[in-house]
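Supplied in structure tokens, the structure appears directly below.
Chain lettering (A, B, C and D) follows the sequence in which the chains are written, and residue indices restart at 1 in each chain.
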Amino acid sequence: MKKLINAAEDVVAEALRGMELAHPELQINHELKVIVRGDAPVAGKVGIVSGGGSGHEPMHGGFVGKGMLDAACPGEVFTSPTPDQMLEATKAVDGGAGVLHIVKNYTGDVLNFEMAAELAAADGVEVEAVVLDDDVAVQDSSFTAGRRGVGATVLAEKICGAAAEAGGDLAQVKELCERVNANGRSMGMALTSCTVPSAGKPTFELGDDEMEIGIGIHGEPGRERRPVASAAEVAKLLVEPILADLPYAEGEKALVFVNSMGGTPLIELYILYNEVAKLLAERGIEIARNLVGPYITSLEMQGASVTMLKLDDEMTGYWDAAVETPALRWGA
Amino acid sequence: MAEGTTVTVDDLVAWIHRFCEVIGDHADELTQLDSAIGDADHGTNMRRGCRAAVEALAAAEPEDVTGFGRAIAMKIISTVGGASGPLYGSFFLALGTAGGSTSSLDGVGTVAALKAAVEAVRSRGKAEPGDKTMLDALLPAIAAMEASLDAGGSLSDALEAGTTAAEQGMVATIPMLARKGRASYLGERSIGHQDPGATSSWLLIRSAAETLAA
Amino acid sequence: MKKLINAAEDVVAEALRGMELAHPELQINHELKVIVRGDAPVAGKVGIVSGGGSGHEPMHGGFVGKGMLDAACPGEVFTSPTPDQMLEATKAVDGGAGVLHIVKNYTGDVLNFEMAAELAAADGVEVEAVVLDDDVAVQDSSFTAGRRGVGATVLAEKICGAAAEAGGDLAQVKELCERVNANGRSMGMALTSCTVPSAGKPTFELGDDEMEIGIGIHGEPGRERRPVASAAEVAKLLVEPILADLPYAEGEKALVFVNSMGGTPLIELYILYNEVAKLLAERGIEIARNLVGPYITSLEMQGASVTMLKLDDEMTGYWDAAVETPALRWGA
Amino acid sequence: MAEGTTVTVDDLVAWIHRFCEVIGDHADELTQLDSAIGDADHGTNMRRGCRAAVEALAAAEPEDVTGFGRAIAMKIISTVGGASGPLYGSFFLALGTAGGSTSSLDGVGTVAALKAAVEAVRSRGKAEPGDKTMLDALLPAIAAMEASLDAGGSLSDALEAGTTAAEQGMVATIPMLARKGRASYLGERSIGHQDPGATSSWLLIRSAAETLAA
């Protein structure tokens, strides 16, 4: 395993130290591992809390700041954080208007956030939770764990953060988060596996001429293994299942998010984005907004994901609103 | 062992020490299993939780079964994370509550407490038998223990039977198609791999057999 | 070779298409491959032009915008652009106050920018050039090609862009650029090689337990091959040569830039940054400003570089000034 | 060939066609050499420049040597990039200027033009013999051509001698420590590798021998 780390068990703690030094505007609780917006709690504002395993940087900690998250709880690499972290974050950002938990749909994340919500309620904090499940690679069914929460989470955190900043109440922000989830779909692929530091070797083996389609963000193998293909073909493999799952009428507007899994550089993302845009143009779908870069990653994995969010005016307005975080910043 | 076996809090503590010992030995294997159908962290998660649980027991020095269960549950919940954290946490919380504020349990009481613990895992995780989870080791184990006791077996017999059933349940997860947990994302590709959680659960029951009625 | 691309020879052209779609605020000349700020030329403002081979994204194209570059010319992957591209860029941004060429010290870049400057002068555009050479891995001497221009280039483009935006004249902006170069030092390392698309295989081979110290940004092997080491040891190997080359008196202020070579994810950069900060704290050097992320890359190479810029108040002020580009954005 | 050899513009064009043919054949090898001590693009750069130069010649249909040199130089400068673009561009620009607005050159004039071309590379790149660059193939080649002509050799003899000298110069770059170009960044590690530019320059001279006095 080749990584710029010290001991595998210190990866999360030391990265938090570095983040604190690089971003003094954040408050970081190292004992409980909670990243909190510098001016939290903001009185009268709905608090937005998210969290999940580490290894997806900049998500979630890099999205803490004005106009996005009030706090984030990083777990161990690819492991959901624990209820006590989430409880601490929830209390730290409660400005009296309640707190929204934005949860990605993984058994561990859901169970731990459930426990945290129970504990917070016991402490008299009003908590609502929305579980994101936008990954079309996973067949959904009430008998399974359901779909994974992936790229739409980033968009939900931005849009709900802006709504909370604008004074939306807990019910409104929660409804908006559900709407983003209902209108967001994602699909990812990998050219290489990734190595969990504590495991020390790649989670799966891929041949030099193979790729995985339908992966998540935890180095899990995908739904299908195929021979490597051109960016144009990959774009089809990612966009078509998204559109099959959530069709667009001609002229409908989308926010298109082309994301790197961590090891794929920007030059390739732009090539993929170009192919995605061609496919959508053919179908008369307007790309009203876009985001291209590494925002929800899987350690050093090479690969990419495409997320499409069907936009309405309210979501668009909140997307454009000012945001000031380590990883996303505009209008501020 | 003799019919009149009683399981003391010290026995329960010995159980955890033994379990954490085997987890230490099997951590890489558990992570390996989790690499195939999950995210390669089950062994690391369990090892982290065990270290903390052992410290917690040393600090708490629980006097009754409830205190024992709480101490471990809280520590596991606050250190393991992932799916297994809340699930094993619920296991010990329920075990303690069912065991009650007594300093020892007889055979029937021990199996009843274990049953309550497994039911808590089921209601927390909402998995069913056959979903390819730790329940596929735990539920058969409880059934076998109860059957053994009904047939007049000792706690030792019951735990031996439970261990065998847990192992069979663990092996039976191999051909299953996962419907819960990360493995479910793999669909058909989850078939042919043994479930990591079922494996750690088998180790948990086996450790009980080695310590509670020895 | 595994990459999200189509034909190797189309990589640069297609990435430019994607960039144009993702950033409609930029003007892109696809025939000559020039990326120009949307509102260029800005009358009365000194124009800032840079360029170099592609494969270093976001540099330089991602730095085009208000407060930074007026134009960038991307060459083929790792190959300097040509004089006609540079001439086009220079004319497109000349607002009457002259144009500064920010050139990284590579024979190809220097020779091509020289020719471009000759052509621009012939067309009556006042052009000055500053050649950046901040890489301490290379022994300098008047008999050699000298040191490479690496990380300090990003800082120079930001600081000089702000000075030009603030109305500095060509001589002032040029002097400032020379000052940034004189006070900037960098050192880089690689955990893996990278693959030039047209070459199809890794530029060099590295064993599973080896790293290269003193690499540049073109997949060149470095000065030295060593066994892989901890982040703490790597930080030493990068920081000590920098400080040996440009010593800091206790209390002097630095801008510290920890950069990913492309394939190293943010979580590792923060760990490395934490180690760098410890080393500087021991020496009483104050990190007054920092930048952590992938800004000057070498395709998908895993590795990192550290750049230190000894700050004065003027540089600090221009660093803090508003910038609005695809890759760097604050205060805007 | 007979003393009175004359090199026509068509011969020069044939030279370029031949050169681009061999560049096509050796592109991967040149890139390979550049991988060892550079950035793995010399073959690609030269191939790109050659394709463009051949098109340019077809379009320009130059009538004199100056026109021939300009047409190629402009195209190489605007398509190759890197270090080799301006260097080979300067080579052809100077060759055209030295050759002048005539439709043919005699042996002495041809070698004089080649010499001017090499001097232009030297003044553009400021490299010296022994720096491990294309000059280490080009300078010995010119010296050998001049010596051959002085000894009464034909242009064909001169170009043969030049080719041999260029090849020796190219091989001689292997033990050199690079002082110019990217290879210089490697310091000691540049020793033991043949310079890619010296290799393409040898091909350039060899192509001349195959076409200008054949």
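By our rule, a residue touches a chain if its C-beta (ideal position, glycine included) is under 8 Å from a C-beta of that chain, and two chains touch if they have at least 3 such contacts.
Worth saying up front: this structure is predicted, and the values here are computed from it rather than measured.
*Asks:* Looking at CA centres, what chain is most distant from chain A?
*Replies:* Following the centroid criterion, the farthest chain would be D.
*Asks:* From the C-alpha centre of chain A to that of chain D, how far is it in Å?
*Replies:* Centre separation, chain A to chain D: 55 Å.
*Asks:* Just give me the whole-number Å value for how far the CA centre of chain A lies from that of chain B.
*Replies:* Whole-Å distance between the two chain centres: 32.
*Asks:* May I ask you to sort the chain touch graph into line, ring, star, complete or other?
*Replies:* Line.
*Asks:* Would you mind giving me the full set of chain pairs in touch?
*Replies:* Touch list across chains, by label: A-B, A-C, C-D.
*Asks:* Note which residues of chain C are touching chain D in the complex, please.
*Replies:* Result: residues 53, 75-84, 106-108, 111-112, 114-115, 137-139, 143-145, 148, 196, 198-199, 203-204, 216, 218-221, 223 of chain C touch chain D.
*Asks:* Quick check: in the complex, which residue numbers of chain C touch chain A?
*Replies:* It is residues 2-6, 11, 14-19, 21-22, 54-55, 57-58, 62, 191-192, 208, 211, 228, 230-232, 234, 262-275, 277, 287, 290, 292, 294, 297, 299-300, 302, 304, 329-332 of chain C that touch chain A.
*Asks:* Sort out for me which residues of chain B touch chain A in the complex.
*Replies:* Touching chain A: residues 31, 35, 38-41, 44-45, 48, 77-87, 124-125, 179-182, 184-187, 189 of chain B.
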